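Which chain is which? They are A, B, C and D, in the order written, and residues in each are numbered from 1.
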Amino acid sequence: MAKKEKTVAVETADTSVSAEKAMKKGTVIQAVKAVAVLVIICLVCGALLALCNDLLYVSDEVRADRALQKIYPNFKNDDSFAGLDSSKASTPYGQVLSVKKSTDGAYILEAVSSNIGFSNGTVSIFVAVSGGTDPKIVGWTVDKNVGQSFIGNITSKHQKTWFINQSITVVNPENPEGSGLGSGATHTENAIGYAINAASYYCINVLKLVSTPESEAKDAVIALLGAEADGYSFVAVKDADYLEACKVDEHELSFYFEGKKTESDPLAVYVYGEDENRQIVVVKDNLTHAERLEESAVVAKSEGINDSLVAKAQSRSYFEYQVQKSHAAFEFAGMGDINSEFATKDEYGTANKVYLSTDGAIMVEATGKGGFASGTVTVNVIIADSVIKGWTIVSNVDQSYIGNIKNEHMTSWYVGQSIGQPIELGSNKVTGTTLSSTAINNAVNMACYYARNTLQQGGAE
Amino acid sequence: MNLLLFAEIGRDIEWVTLGIALAIMVGIGLLMALCIILISRFCQVKEDPRIKEVEQRLAGANCGACGHPGCSGFAKALVEGTATLDSCGQTNKEAQIEISNILGIAYDGNAEPTIAVVACSGGSQCEDKYAYQGYGTCVSQNMLAGGRKACEVGCMGSGSCVDACPYMAIECFDGYAHIDPELCRSCGLCIQTCPKRLIKRVPKSATVYVACSTECRGKDVMSKCKAGCIACGKCERTCPSGAIHLVNNVPIIDYSKCTHCGKCLEACPRHCIKHVHPVDTHEKTITKVEPEKESKAE
Amino acid sequence: MKKERFNQIALDGLVRQNPTLRLVLGTCPTLAVTISAINSFGMGMAVLFVLVCSNVIISLLRNVIPDRVRIPCFIVIIATFVTIVSMFMEAFLPSLFESLGVWLALIVVNCIVLGRAESFASHNPVGESALDGLFMGLGFTLSVTLIAIVRELLGSASFFGMELWDPSKFSIKFFTSNAGAFLTYGLFIAIFNVCYNAVDRKLKHKHAQQTLAPVTVAETKEAE
Amino acid sequence: MDVLGIIFSALFANNFILAQFKGICPFLGVSQKPGSALGMGLAVTAVMVITCAVTYPIYTFVLVPLGIKYLYIIVFILVIASLVQMLEMILKKFTPGLYSSLGIYLPLVTTNCAILGVAQLVTAEVAATSAHFAKTLVVFGKAVKISMAMSFGEAVLSGLFYGLGFTLAIILLAGLRQKVDRLNVAKPMRGFPMTMITACFMAMAFYIFSLIG
């Protein structure tokens, strides 16, 4: 098809030249017009929104008492109540934000869970706890949430059934998870469970609405210690065998508390007997075996307590009991001094303490590097005649999956191996916790390395 | 002043925050608008303004059949004169006329709109030489001894054309490719990709097409495919206007002579001749169409 | 505005171009909110309000807004209406606001709203745009609520919140999970396609039957 | 600043598409071919990083102190839309190559729940005790307390990894769809329904991550 010259071609040529000039002027006006339009639209919209915000503003008080109406309709505020005791507001499950008391004895608490919710956000809820002898959770509703994009699944139907009419003692630590309630948003459910437990923990321990035997014992201990108790938080250790082991003829050890306070030494509290004839002994906890036996170790004891109970409390700490439970032969005979020359090895970690025993065996506490999220694991390794008798995990830093390492691993790994040469990780690991297992391997190797060199038990390094 | 009925909803209008909100909104609006304008000025890619106009008039399907990266590439090539309009089958006539005016070139020829059809209907009815368990589509399969079909020109139905078609007009079922006439814009991408060159262009107004392109004799076809054309020549004999001729065992329809009478379709014992537009309603009443002026060589 | 144009818009919005089931737009809220029917209905109503208002305003301003800042202007208008809806809900429907939560604010970037604004409202007069917004919103609400009813019935054994039977006896937890959302939505699209094609074919068949003769002649004329 | 935790949760446990259901429209629309899916994924990641970097300071230092938090939707969306338009122009001018592979998806990215979703996630406020970033600003004489769930570094980092999680999911689906789209299924099941069912299986797989994470 040959191209045919058409008059139309000529016309377009000269119009494009003048178009060029028009373009220049046009674009400036057009640009200004564009900016103007956008700015005017933003202006109008901003004004409209600001007005609407003021007209439809929901203040916090409105939001709070709207929640109250939902969970506890006949709420009449009793302003004689002191409100939140902020020093004790933090609980193991979350934070209590505010407390209100109704004239008929009911309490309304606002609590927020620790961030274990969906995409580790938090959920804050209002909880209504009925007064009277057996306080129950009468109602709860979700207030604010952070990052819980599936909060919609928790409908009002759930808020009428979960946790309702459960006594606050039952809700307490049994199933903080609250999971498996089946709303399709498991993480948010966990967060709500934690928030409710935070509220009930506060009710039991601070508001003292109900007195469980444990809280009564705790009050007695605090009464005994008097001024020294402030700042300490006492946590009951629920280890039935230890309670059994500390029995002295017919005196039962009813509670064992571990008192912890930041940057001061922990306390061990032994509570014998029940209610009135309760006898309490408080001993400093992190002393060596020998120092523990001296008189100064006892911080406080109730009057008229017979000495056998005090001696028993001084004799063995819970830590020593745990070690002995896993290796019966180990009889404590005091602390050995750390030989600093072999106390650190950069590829393994550090050796911290050495415990001696009556029959010559030693226990080395060593920390291994290279754990999950570059954290560490501290273990106690018992070594007798250059063979590992057993080991336990003492503590860990950032090892969020160390829970997978169960007792059956502790009894099977490394036990019986000689400390002559370094021990390979090999099969000593659980899927999903390889990093934590390597840290444990490093710690055990550190203990063997220390034992090898300092006590010439096995072959030299 | 609580304007609304709910006593506790709403608070007095705080003019201060209202002012702040306005200031923020205006500030951000202004900032954004200015940035857009400045950057569009600063990043002005020197382009011939005609390119934009041409691009607007093109079909805008970015199908790439014209060999250029999308319509903007094609528009640029058109303005620079390195491409001709007819390599784009999509743009309708009026748009093509307008573009020619903009470019100042003469508009010639009014190409008869066409659609593509697959000249094979064997698929699962055609025997397989081997079971293909490899990766990919017909193109890769074709490299392995000419594809798994016993018939060397048979459609494998593995969908190279399906991938190629930007209009999702092709589907593979019953083992061979089917083109949906309503969706097909005859861009020609499938024609280029089909390794067996089975896809052909027929005028949009055509009603029948030959769905087989094997050049073997009847006896061989019988052994390989139950739906193949055995070159019996019945269609050639029954066609009143002599539009069908057997060219080395493959019936070829000359659409300028075809009167859409449909007799060939009924005569064919193997049903190789099929409808272009699968319409079962007005089967019988195909009206007479006067033959058009022969314009483009097929 | 002619009756036939009204029908065309109505049918487009509800059936022919149903945003959720035919055009598969606005899928984010559809998957996330359809766990409970009340939430979905609330979401549908919110989208309906935003759609109608923004379509009206955008079609009013369609000649004023220059092309270069078109998208920011449309988005600002839609965002205003979404904020107004969320403020309204927070004030008067607190439980619904709480359960919708994040998804209420995401209506701004919902593909339906901006899609209709750009493709329909910016070329058509106010009346038709409003109607289009209305029927698109109804189409969305209908399909989202339908999906939610099925998921709620199977997943948590309740209908619009009312418990029908004890979920521990029979309830498929799968439908309340994410994977269940995808599956239900996919099956719904498939079922809708089946019904749509069946009805479409019957209509075309009836249409072709009645006006057989004149159509074919007219058709070939058009084809010239 | 638990980096490993953010990475794991952003990529797998709280994957932006499969766990949080944000950004499904491009996930279904653009995943025909792995090439286009990768382009879309990278475009979304780039815009997400810029969004987090811009919206976080605006929210903490402008909106919260001035008490106009209700404007957050309109301000975020305006900023995002304009940024994307600017990015498109800049890419077109300086890197036409990158523009041809990435640029065409940018207008698609603005109207996408993923971007506003990440902006909301990142600017989450939380009770003062567990805030990663807490400050008190004196504005017009009033002291305003700000307590954000994430610090600025965490915000940008999680924006980046949410984007990569998005890209991971969309490429996986594109790979699967290469095969699934050619399956010989019933006619109405073709296209979107089959894609949905593929996505359903992917969601199941990713659900396991959320149990571990």
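By definition in this document, a contact is a pair of C-beta atoms (placed from the backbone, for glycine too) under 8 Å apart; a residue touches a chain by one contact, two chains touch by 3 or more.
From a predicted model like this one, the values you see are computed outputs, not experimental measurements.
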| item | value |
| --- | --- |
| Between B-C and A-C, the pair joined by more C-beta contacts | A-C |
| Chain nearest the global centroid, as defined over all protein CA atoms shown | D |
| Chain centre separation (chain A, chain C; CA means) in Å | 45 |
| Between chain B and chain C, centroid-to-centroid distance (C-alpha), Å | 30 |
| Chain A and chain B, separation of their C-alpha mean positions in angstrom | 63 |
| Whole-Å gap between the CA centroids of chain C and chain D | 24 |
| Sequence positions of chain C contacting 2 or more other chains | 32, 68-69, 72, 76, 79-80, 83, 87, 91, 102, 177 |
| Multi-partner residues of chain B (each touching 2 or more other chains) | 4, 9-10, 17, 21, 24-25, 28-29, 32-33, 36-37, 40 |
| Interface hub residues of chain D, defined as touching at least two other chains | 21-22, 68, 70-71, 74, 78, 81-82, 85, 187 |
| Chain-level touch network, classified as line, ring, star, complete or other | complete |
| Complex interface listing, chain A residues touching chain B | 1, 3-6, 8-9, 12-13, 16, 19, 23, 27, 31, 34-35, 38-39, 41-43, 45-47, 49-51, 53-59, 61-62 |
| Chain B - residues contacting chain C, complex | 4, 6, 9-10, 29, 32-33, 36-37, 40, 204-205, 279, 281-282, 285, 287, 289 |
| Chain C to chain A touching residues, read off their complex | 32-33, 35-36, 38-39, 61, 64-66, 68-69, 72-73, 76-77, 79-80, 83-84, 87-88, 90-91, 94-95, 98-103, 155-156, 158, 161, 163, 167, 171, 173, 176-177 |
| Sites on chain D touched by chain C in the complex | 18-19, 21-25, 28, 70-71, 73-74, 77-78, 81-82, 85, 107, 110-113, 115-117, 120, 186-189, 192-197, 199-201, 203-204, 206-207 |
| Contact footprint of chain B on chain C as seen in their complex | 68-69, 72, 76, 91-92, 205, 208-209, 212-213, 216-217, 220, 223 |
